[in-house]
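Read the structure below first, then the notes.
For reference, chains read A, B, C and D in written order, and residue numbers begin at 1 within each chain.
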Amino acid sequence: MTTTDSPPAPAAPVRRRRSSGDTERGFSRTFRWIATGSGALILATLAAVALFLIVRAWPAMTASSAELADAVPRYPDDTSFLAYVGPLVFGTLLAAVLALLMATPVAMGIALFISHYAPRRLAQVLGYLVDLLAAIPSVVYGLWGIAVLAPAVGPVWLWLNEYLGWFPLFAGGASPTARVLATVSVVLAVMILPIITAVSREVFLQTPKLHEEAALALGATRWEMVRTAVLPFGQSGVISAAMLGLGRALGETMAVLMILSPGFLYSFNILQAAQQQTIAAYIALDFPEASGLAVNALIATGLALFVITLAVNMAARAIVARRKEFSGAN
Amino acid sequence: MVGALALSLAACGSDPGADEPNGEGSETAMDLSGDLNGGGASSQESAMEAWRAGFQGQYPDVTVNYDPVGSGGGREQFGSGAFSFAGSDAALDEDEMATAEEICGAGGVIEYPGYISPVAVAFNLEGIDTLNMSPETIANIFAGEITTWDDEAIATDNPDADLPSTDITVVHRSDDSGTTENFQEYLNTVVPDVWTYEPEGIWPIEGQESAPQTSGVVSAAQAGEGTITYADASQIADLGTVAVGVGDEFVEYSPEAAAAVVEGSPRVEGTGEHVFAYDLQRDIEGTYPIVLVSYHLACATYEDAATADLVKGFYTYILSDEGQQAAADSAGSAPLPTSLTEQFLPSVEAITAG
Amino acid sequence: MAQRIDVTDVNIYYGDFRAVEGVSMTVDPKSVTAFIGPSGCGKSTFLRTLNRMHEVIPGAYVEGKVELEGVDLYGDDVDPVAVRRNIGMVFQRPNPFPTMSIKDNVLAGVKLNNRKISKSDADDLVESSLRGANLWNEVKDRLDRPGSGLSGGQQQRLCIARAIAVKPQVVLMDEPCSALDPISTLAIEDLIQELKKDYTIVIVTHNMQQAARVSDRTAFFNIAGTGKPGRLIEMNDTATIFSSPAEKATEDYVSGRFG
Amino acid sequence: MSADTSTMDSTERTRALLTTAEPRRRRVDRAMTVLIWGAFALAMVPLVSLLWTVLFNGAGRISLEFLSYSMRGIFGGDPSGGIYHAVTGTLIITGWAALVSVPIGILVAIYLVEYGRGALARSVTFFVDVMTGIPSIVAGLFAVSLFTIFFGPGARFGFMGAVALSVLMIPVVVRSCEEMLKLVPNELREASYALGVPKWLTIVRVVLRTSVAGLTTGVLLAVARVIGETAPLLVAVGVTDSINFDAFDGRMMTLPVFIYRQYAQGLATCREGQEGCVADIALQNAWGAALTLIAIVMILNIAGRLVNRWFAPKLR
């Protein structure tokens, strides 16, 4: 064995690419992969949920209407699957949109009140109260709806029906028990009010002082300042907040289930019993006793709800994106 | 944060009676422990609570769970083996029986009516506690043919009552329920020419008020003047009730009168050895014909010895006088007549492992 | 148009903290008055009391008298909204409304007062205001683009155009050039010289050369130490302040010429 | 003399200018102020009524016994027993859900804010929005199906519920944390890089540290969102009346499910003169549990605020 004590061969000069990818070494690179992996995991989870929905819904969507009518309770005879889901989609949208129409202006009012009108101490307490209300479980809203709200609004609905019955929403006979969509919409509105308020309030508070002062310095009254500086700045945030609220209203199960007298019609009579039903409540109502194809049909309605939510989100994004150029963010 | 809270609470919380010495159960020969999971009809839930409480009181190491997932869910999960026992408002049909027999193996399925409860026809009219109604009248009211309380059909049967001209508001169950199915079965059997709908768990008529669960229909009925509904008799609170016409007389509901219906009805022929299904007779004099009959399901043999012992012990307890009395007290159900329990007990006692 | 401002013995507070103490001065019409002084000496705070912007901050209030042409701005019957409409303000950082186009930015103040302005009147006003702010030639082709797309100097001139579009009596400028590059600064300074013909102008600046270049009169503010209120040390013709100030503090400050 | 009059004139003119009532604008401003106060008052009516109803109906049921015993062996109108099993179940299941969702949620938010470019980031943002719209019952069904694959059809344990809740919770965590991380000024990151701190350490020590208050709020909102869920837990966890601390074995009770079950149970049967039997005990239990649930959420909120106060860097 001959050992030559030669110096180690000079290492070939390493040429590093001076790209951004190389500035992350060691754990930084690992960290990037962990974060990216989490992002991918979200997609995988959602794909799994969607896949699950589609696989379980598929038998119902492809079955003949005769088979469905046989297996699924409440399935109208000789109708397509769409005719079966249609009234449910209609009822879901009607309840949620009514709730949104009631809640959004009020929520914006409260948000402005907290961010720009109320004395600072009071505003803090109110902000806290609103956060707390966002956390009240829907079962409790349901209990409250039955025990307190329905008896309270019953006479109001009767009055509306009697004197404003010509208006399509108030037509039909008013229910004596007030277990109708109007009551449900009010409960949903109360329920989503804290969410919309909480998000809008945060956005309004973020309005740059600069813009508020610019408006005031031009001789704007407080409301004019809100109109010129705060509302335009918060517009996209309020839309997001409303969509968040709409999402919760669309998917709300327990409160609707406990309050509404369901029906399966395309009906705008929100004071009349047994006219509409929402998808989530329908699933919860019939799922316990469902078996076989009926389960598939229920999950197919769940898929419909999923698609509605998807569409709503896409619409909201489109609206926000169109206004992006003029948005307050820079 | 959550964990810390849980820990601090863990220090002071306990199951009631968990550390009390075992009193009543000491005389029994078997020493049972473990979990037993079942589920099904929510109509039985109150009774099940009493049974579970009583059984767990005898065997403190046992936990019996009953998921009130509904009859269909109970039958399905019993058939898939998820539930060791189940409650169902309807007897198994042929397909379900076949599936269940596959799971249960050679011994077959045990099925008997374990819970019998009168279904009251209840209404909310100020100042009126009880009304007589013939089956035709009841059917016509619920079908929406009779629409006011001072209708002639009601008035003739109640000459003394001061009936208002209020509109009748029918409230039915919005969920799929055994109560609905049993109520419709009654109407369809007794007055088939008026009630032409096929009896099923979902109410067939659209456009009427409805609410989920017994408590839901009761509170809906309480909320409006002039409402009428059908509900488990133990839950109707302060609503007025209908005495139902049977033959020439009108019968108020009572658990005994309800149990008499099953007692007087013939067992369905051609089923398995341990299957006690009944073809209910709705016109026996002196009985209250609107009953909810809910079945108990079990296997005659279980693979697992512990499960076999638990099911056997639990069902034996249910059929004992003590068990029947506990259910009657807490759920207002009808104690099973001895003539019936004597028939069921041998099947239950024959449960084995293997 | 332009009017004089008389300030008598003004104290300015943030809550319990007295930020400025005992200021009295007179601002002549159609002149440029500069406020100089070290950071935190209260010159910006004082400026904001001249159009009642100070009281926008919660807890802030003012004692003393500020008169515009003999009318006390803090009088009972005076509407702060009307005060701000008549005394315009330009801020340190350009703040065009990001959600509005250039044109709408110019019209923002006018629309508050008179919503039914005709389209031709509006166009004329936009043009004259932007011309008045030396911005017209640069933006006339993109009046419908967002104001936030302009460069910093252009944005600041847009803000000036917005301020003069409502035809105020006085224009207050709070360090209008501090966020701008030298070329934009020069453009604004030229603009101030032109605006002087029509408006009374008060400008706060850190830049003493700027004060020397643009102003007719200069007021020097100073504080004795942190936590102490700011005071008006000396006010005089700009030339006098920079050549032979009466006070030692003023001389020390101006002789340290920087910027 | 003439100069004097002109001074007088200009004073009057100025006074006129500064006191112009401009009645329309002032009326609009007044009206809007009233309207906004009104909106607030209007909203307070149902919300206060709700809180009052829960407090009024629930407070009477709250006792040490109610909070420290389970419902094991309690049935009918028996007014003993309590919600201890449901409280622990809620805390354990929500705790596991948070344990799963919070790290994933924050990591996704970090990905979106610090790394996210291109198609993956865009689709993640979009689908997170979509996920916020998953109906809760669908999440429950999904969890059941998922675990059925591994454990067979009878599987019911707390962690299944936690997974269902995580599906609902992750998007909320991501959305709110993303907003909070975006608020961290870029200058801070650059300052950190300029000091030679590696990116991951910058994120952990600078970005997360700066936004910890916001992150806590976001997480608490997400917890509040799921702690009251009923439908998915009913499907995935089942019900029990006994205490169970093991999230991986056996059913668990949770407060929302308990509330719904008690409500659905309705009136108990009490014989005339039966002692120790309260007919509407189930409803009382439901209100008591509702009050407890709200109290828990409140405690979490306060705890979150304290966390903020301790850890948040003093920015102002």
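Methods note: contacts are C-beta pairs under 8 Å (C-beta built on N, C-alpha and C of every residue); 3 or more make two chains touch, one makes a residue touch a chain.
Given the structure is predicted, the values throughout are model-derived calculations rather than measurements.
Trainee: On the document's contact criterion, could you list the chains that touch chain A and likewise touch chain D?
Mentor: B, C
Trainee: Considering only C-beta pairs in contact, identify the chain pair with the most of them.
Mentor: The largest set of C-beta contacts joins the chains A-D.
Trainee: Could you tell me which chain lies farthest from chain C when each chain's centre is the average position of its Cα atoms?
Mentor: So the chain farthest away from chain C turns out to be B.
Trainee: Report the inter-centroid distance (CA atoms only) between chain A and chain C in whole Å.
Mentor: Computed value for the inter-centroid distance: 47 Å.
Trainee: How many Å are there between the centre of chain A and the centre of chain B, using C-alpha atoms for each centre?
Mentor: 39
Trainee: What whole-number Å value describes the gap between the mean CA coordinates of chain B and chain C?
Mentor: Centres of chain B and chain C (C-alpha means) sit 83 Å apart.
Trainee: Two or more other chains in contact with one residue: find those residues in chain C.
Mentor: 81-83, 86, 112-113
Trainee: If I count partner chains per residue in chain D, which residues reach a count of at least 2?
Mentor: Residues 25-26, 263.
Trainee: Taking each residue of chain B in turn, which ones touch at least two of the other chains?
Mentor: Touching at least two other chains: 42, 212, 216.
Trainee: Chain pairs that touch, all of them, please.
Mentor: A-B, A-C, A-D, B-D, C-D
Trainee: Going by the contact rule at the top, pick out the chain B residues touching chain D in the complex.
Mentor: Interface residues on chain B, with respect to chain D: 1-3, 5-6, 9-10, 12-18, 35, 37, 39, 42, 45-46, 49-50, 52-53, 56-57, 63, 65, 67-68, 77, 80-83, 212-216, 218, 234-235, 237, 329-332.
Trainee: For the complex, which residues does chain B have touching chain A?
Mentor: Touching chain A from chain B are residues 42, 69-73, 75-76, 167, 169, 171, 174-177, 200-202, 206-212, 216, 219-220, 223-227.
Trainee: Under the touch definition given earlier, write down the residues of chain C that touch chain A in their complex.
Mentor: Chain C reaches chain A through residues 51, 53, 56, 58, 81-86, 88-89, 91, 93, 95-101, 108-109, 112-113, 146, 148, 159, 162-163, 166.
Trainee: Could you please specify the touching residues of chain C with respect to chain D in the complex?
Mentor: Listed in rising order, the residues are 3, 68-71, 73, 77-79, 81-83, 86, 112-113, 169.
Trainee: Using the touch definition from the top, list the residues of chain D that touch chain A in their complex.
Mentor: Those in contact with chain A are residues 25-26, 28-29, 32-33, 35-40, 42-43, 46-47, 49-51, 53-54, 57, 104, 107-108, 110-112, 114-116, 120-121, 123-124, 126-139, 141-142, 145-146, 167, 170-171, 174, 198-201, 203, 221, 224-225, 227-231, 235, 255-256, 259-260, 263, 286-287, 290, 293-294, 297-298, 301.
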